[in-house]
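Shown below is the structure under consideration.
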Amino acid sequence: MAEFLINSAGLPEWLAWTITAVVAAVLILNVIAGGALVFIWAERKIAARIQDRLGPTRTGGRFGWLQSLADGIKLLAKEDLMPEGADGMLFRLAPYVSFCASFCAFIALPFAFDFVGQRLNVGVFFVVAVLGLEVFGVILAGYASASKWSLFGAMREAAQVVSYEVPLGMCVVVPVMLAGSMDLVTIAEKQAGWFTNWYLFHDPFTFVIFWVYVTCAVASVNRAPFDLAEAESELVAGFHTEYSGLRWSYFFMAEYGSMFLVSALAAVLFMGGWNGPIPVAKLLGLSAGTGDTAGYFVRLLGMANLLGKATLGVLVMMWVRWTLPRLRIDQVMTTCLKYCTPLAAAMFAGVMVWQLALPGGIVRGLSRPAGEVREGWLEGPGGKAASRPAADAAQKVAEVAR
Amino acid sequence: MRGPDFLSQLDAALPGAIVGRNLEAMDPWIEIAPERIADVCQWLDTKSPVRFDALECITAIDWFEPDAKKAAKVSWQPHTELVYHLWSTAARVSLVLKCNLPRWKGDVPGQLPEIPSVCGVWRGANWHEREVYDLSGVWFTGHPDLRRILCPEDWEGHPLRKDYEQPLEYHGIRGK
Amino acid sequence: MSGGLLGQVAAVPLFASLLTEPVSVAHYLVVGAILFAAGIVCMAVKRNALGVLMGIELVLNGANVNFVAFASPYLQGEGARGLGIDGQVIALFVILLAAAEAAVALAITLNFYNNHATVDIDRADDLKG
Amino acid sequence: MSGILATFGAVTLPLAALNWHSFFFVLFAAVACACAIAVVLADNVVRMALYLVLSLGATAGLFFLAGAEFVGAMQLMIYVGGTLVLLVFGVMLTAQAPFVSIKTTTGDRVLAGVVGAALLAVLLQSAFSVPAWRQPAAGTVAAPAATPVGMALLGVRVDEPAAGSPQGAVRSGYLLPFEIVSVHLLVVLVGAAYLARAKKRKTPRAIEVAASVEPPASVAEHAAVGRGAGRATSVLSGGRS
Amino acid sequence: MASAIDDDPRIIEFDVRTDEMLVNMGPQHPSTHGVLRLVLRTDGEVVSEIEPHIGYLHRCAEKIGENLTARQWIPYTDRMDYLAAMNMNLGWALTVEKLMKYEVSEKARHLRVLIAELSRIASHLVGMGAYGLDLGTFSPFLYAFREREKILDLFEEACGARLTYSYITVGGLTADLPPGWLGRCEAFLDQFEPIIKEYHALLTTNAIFVKRTANIGVLSRELAIEYGCSGPVLRGSGVDQDMRRDGEAIYTAMYDGYAFEVAVMKNGHYPRDHEYPPVPADAVLGDCWHRFFVRMLEVVQSMDLVRQAIDRYSACKGTIGEPLKLTEKIPAGDAYLETEAPKGQMGFYVVSDGTAIPWRVRARSSSFSNLAVAPELCRGCLIADVPAIVGSLDIVMGEIDR
């Protein structure tokens, strides 16, 4: 976009870049805030349908589609309460910490080829690390609220998130290993083509580890059945018991933002990212790499693809939430430490062995042979200067190996 | 073992405990000397041929007529009557024990009448006795934690007594 | 222009030059120095064992800033003797070992707390646990 | 059209001269330094931890700016996770002795401040002492990648020799240190697990509490309610009788 | 005593010395079923002791009863177990009838069975749904209420009220059923029967539900009896007692000729007159799961009884008869009667001095005794188990506080 502004609109370079940055930031913010609005509405409708109700019906004409907005306005107008014994600064700060963490993680998330806030070559790592920061806001909120229920919620959240980061990290490493890169764009590009190229279907181990990832992701964003931090039947409302109005809605937005983020991450890591199950664009002879209108169109298509997959993930989380009872804290920890972690470790080893033993997959031609993947990694998807050092490095590796 | 046989066994085991009986009533009952109630219950729970292992209910009935005109007509003397409803899970039979207490200990108004607690026999008696104490004003000696249960801690009086006066005000809340 | 404003006037170009001039290693070194000094002061001042621990983290972090700065190709002129990748690798090791150190230190703090019911290190003046 | 643009450009001319890299450096550096100093000045452990996290996070930003993306991400993940645990322990261990304040005397503060300032002066002097360190990079530099770091940790060096290093020098990999650190971490893990192991309670809690002359108020009691709340003796009775 | 705690495997202590805290659960807490207040003494997540504080709903209904005639007190019984007001009405009506040696007509008798059992279903539906809510799953609650609403519709048709019916009264019922009611009732039963399978799928056999309830809050047979527990709580502990079968003649006569088997585990299995899911391996007799399961069985059992009652009622000729006058004099004497209300054995005691206004009335509430055992059950459990245990006792505060 910056190039477009510079070349076509004739803006000075600095202005073009600034505009680009602001637009990107606003877009991401809208994904979270607008996404939260949509998802909250969707959750209410879905929950209602699951429970034989209608859900919101009137606000905004049909389907109550303006309900979330109306609620948002109501929250804006609500009195901002703070308990007397609260630690004022931390209490006010906590929602923003959560929200910022959720927001920052989106920076490295690619929505389509080249549709990414900042392409980082440690993208996966960055997203997971920043996502872990969200818990900070929760703990601060729980501590600062001067309520025992909040403190309980915060402590549960801390224990849970710190524990679940371990298996989550192991799950995330598997696609990294298969793609040979931590760059989310590269990982997604490696899965281009038919859906058999998706890492989900790469081998049985990745299939299993995908479900481990789903479990851990649900747990790390605190959704049912792992919503211990806000377990309403035990802890009233957990860490946000004392929050109201806009501050509370920031927690809410952070939660929905994180839900969307882990779903999108699952899509990128395991389900081909913006590559649909059927490579429509490729069959039509179009490529996302070109800078012309066709390429732009392909990218938009890819973005729709990714958003669709991520939304699907969010919907599944909602479905689960309205179906299952909540686990107990010790059972949550057991699930993590006794099941998820060993399973993820075993699957990780399994994927390694598979890569060594069957580099081409069971049926040749169905999935890409590993060698090709490796070459692709060295070349880099865009063939840009950014990947040059990597290519050189690879040459060196080859030399050393000889 | 039912009826008079059972009673004679009880009488033999704890002579003098039974001070009255009415086996023809709708719910046949025996009257126990108040100071022996815990022993009797202990015997009924552990040693009796029909083991009464459950205490269903304790009721205090305040036999007192505050209206002087009506009081002149009644046939009974003012007293507090405690009724214990027991149940045997194994034999599926019930038993009614009654105890007569003075309305006030030593007839000094304000001094609660006392009776031994049966908490040691059935732990479930704990709350029942607390309720009786709270609402009817009977002091159960030997109760581990006898305090008000339904009324607030600082409530005055025992509402189920016939001479109870509802307070006009409680912590700024109008009573009447 | 009054004399009182002089200081501000002098500060503005400095600040402006900070914003307009490219960053060099020295910039990073200043940040590292401040973190390091803050960490040292923190270790010295705090009586709370956890505060001391945080001071240590700051010190290590200040050192890390230096390592990364020297390793960065962005910050050095042509002829500079940089650390290259080695700087980053050492920074990584520092981070890892800091994590391990924090775990051990927390363990010590916990034991101390169990014995003394406080985390005030001024109370840690006996040789026996 | 061009006239408007020109005016616009003239007004915002200083922005045009802005070096964004420097701008973000100043931003992150300011946050890092300010929060580091706040850590020193804060008394509340939880606030200290918050400032520490902000400081460490800003430092991670500096790492990203310096092209060390992997180190930056690592910093976020490990340091922040570690500090999180610190925070939890801070809440657990410190809040419950309300009248024992763990505060520093003013004398100590002043003394430490003087020492710290002296140290800072020395460090700053040394930071500016080498002219080469004050020369920023010229021209564009290839974007760094995490690959060489990873390869170096595996014992294979694929990166270019650092500028100025002698030709033909053997550059070592880091496989052995890597392994040592792994084992080290394992040891620490086992040690931590040993410390946190569960064992059966020896005396019932009620007896223990009753025996102590003044049982300490609970964590949240202090943190949440303050000193007003009643303290349980043996049973949770709030009653008079 | 100390050794008993020593051997308790649930109580563990960590090397980290932590302090206990007092937490106030209720009276405004999402899962205390009304205005119950529990004070928990916790060590982290482990609850060492709970103390229920009751009386927030105390109206001294017994005192009110000393100033009203027996029939005038019926509406006050409505407000005891307001979830099964019909059974409360029935209990009091039968007690007074017992003292008066009054027998209602055959048709009224069958109508009483019909109404009481329907009311039992309605009550157990709330118990089941709210229990799901306690465990963090929302949907079964609404499913349960959906069906309960249909029962309430039927009740509304019969007596005009949806919550406090005052339908069954001393000497019969206030009105006969409207035309077509039986058909609608049968239609409801036919529609409701298959739905029970769904409840079993969502709760009874759900893996998380079983994990949360099996072997939690185990109430031994002896303890249950000693505390005077009754109803599903007692039967969940394996005590074969049901006042409909074992009670006094005036009550059991109501169920003369009705075939039903008491829902209790005998010789390791529950009565097998219907298809039930198997008992999970982890469940121990007397735990939360069994208490819940007994309720589920009783729903089916009550449906059977309702069907039988419909047959008998429609076979009866004539009218149900008129209830007694409001100012009917009660003979001097006293009578105590326990009936099997959904929550347990509801006992009423009436003492009369020969006037229309009883000298003393007493309500022995089942929830009162059932709640009294909660501190024993919650010793050493986790915070999350407290709602699970208290919820499994299925208490109603209106009945406890009276």
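Residue numbering begins at 1 within each chain, and the chains themselves are lettered A, B, C, D and E in the order written.
Keep this in mind: a contact is a pair of C-beta atoms (placed from the backbone, for glycine too) under 8 Å apart; a residue touches a chain by one contact, two chains touch by 3 or more.
Note that the structure is a prediction, hence the values are computed from the model and not measured.
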Along touching chains only, what is the step distance from chain B to chain E? 1
Count the C-beta pairs in contact for A-D and for A-E, then report the pair with the higher count. A-D
Chain occupying the most central position, where position means C-alpha average: A
For chain A versus chain E, what separation do you get between their C-alpha means, in angstrom? 47
Taking the mean of the C-alpha atoms as each chain's centre, how many Å separate chain D from chain E? 56
For chain C paired with chain D, centre-to-centre distance based on mean C-alpha positions, whole Å: 9
Taking each chain's centre as the mean of its CA atoms, chain B sits from chain D at a distance in Å of 68
At least two partner chains per residue is the criterion; list those residues in chain C. 110, 113, 117
Chain D residues counted as touching two or more neighbouring chains: 18, 70, 74, 85, 142, 144, 148, 157, 159, 195, 216, 219-220, 235, 237-238
Give the residues of chain E touching no fewer than two other chains, as numbers and ranges. 15-16, 21, 23
Interfacial residue positions of chain D with respect to chain C in the complex: 14, 17-19, 21-23, 25-26, 29, 32-33, 36-37, 39-40, 45, 48-49, 52, 55-56, 59, 62-63, 65-68, 70-71, 74-75, 78-79, 82-83, 85-86, 89-90, 93-94, 97, 100, 102-104, 108-109, 112-113, 115-117, 119-120, 123-124, 126-128, 132-138, 141-142, 144, 148-149, 152-153, 157, 159-165, 171, 174, 177, 181, 184-185, 188-189, 191-192, 195, 216
If we count contacts the way the header does, which residues on chain A are in touch with chain E in the complex? 47, 50-53, 148-149, 152, 155-156, 224-225, 227-228, 231-236, 322-331
Write out the stretch or stretches of chain B touching chain E in their complex. 25-27, 53-57, 59, 61-62, 74, 83, 85, 87, 89, 92, 94, 96, 122-124, 126-128, 131, 135, 148-152, 159-160, 164
In their shared complex, chain D is touched by residues of chain A numbered 10-12, 14-15, 17-18, 85, 87, 89-90, 93, 120-122, 125-126, 128-130, 132-133, 135-136, 139-140, 143-148, 150-151, 155, 158-159, 162, 165, 182, 385-390, 392-394, 396-397, 400
Sort out for me which residues of chain E touch chain B in the complex. 54-55, 58, 60, 62-63, 98-99, 223, 225-229, 239, 241, 246, 248, 333-336, 338, 345, 347, 349, 351, 353, 359-360, 362, 364, 368-369, 372-373, 376, 401-402
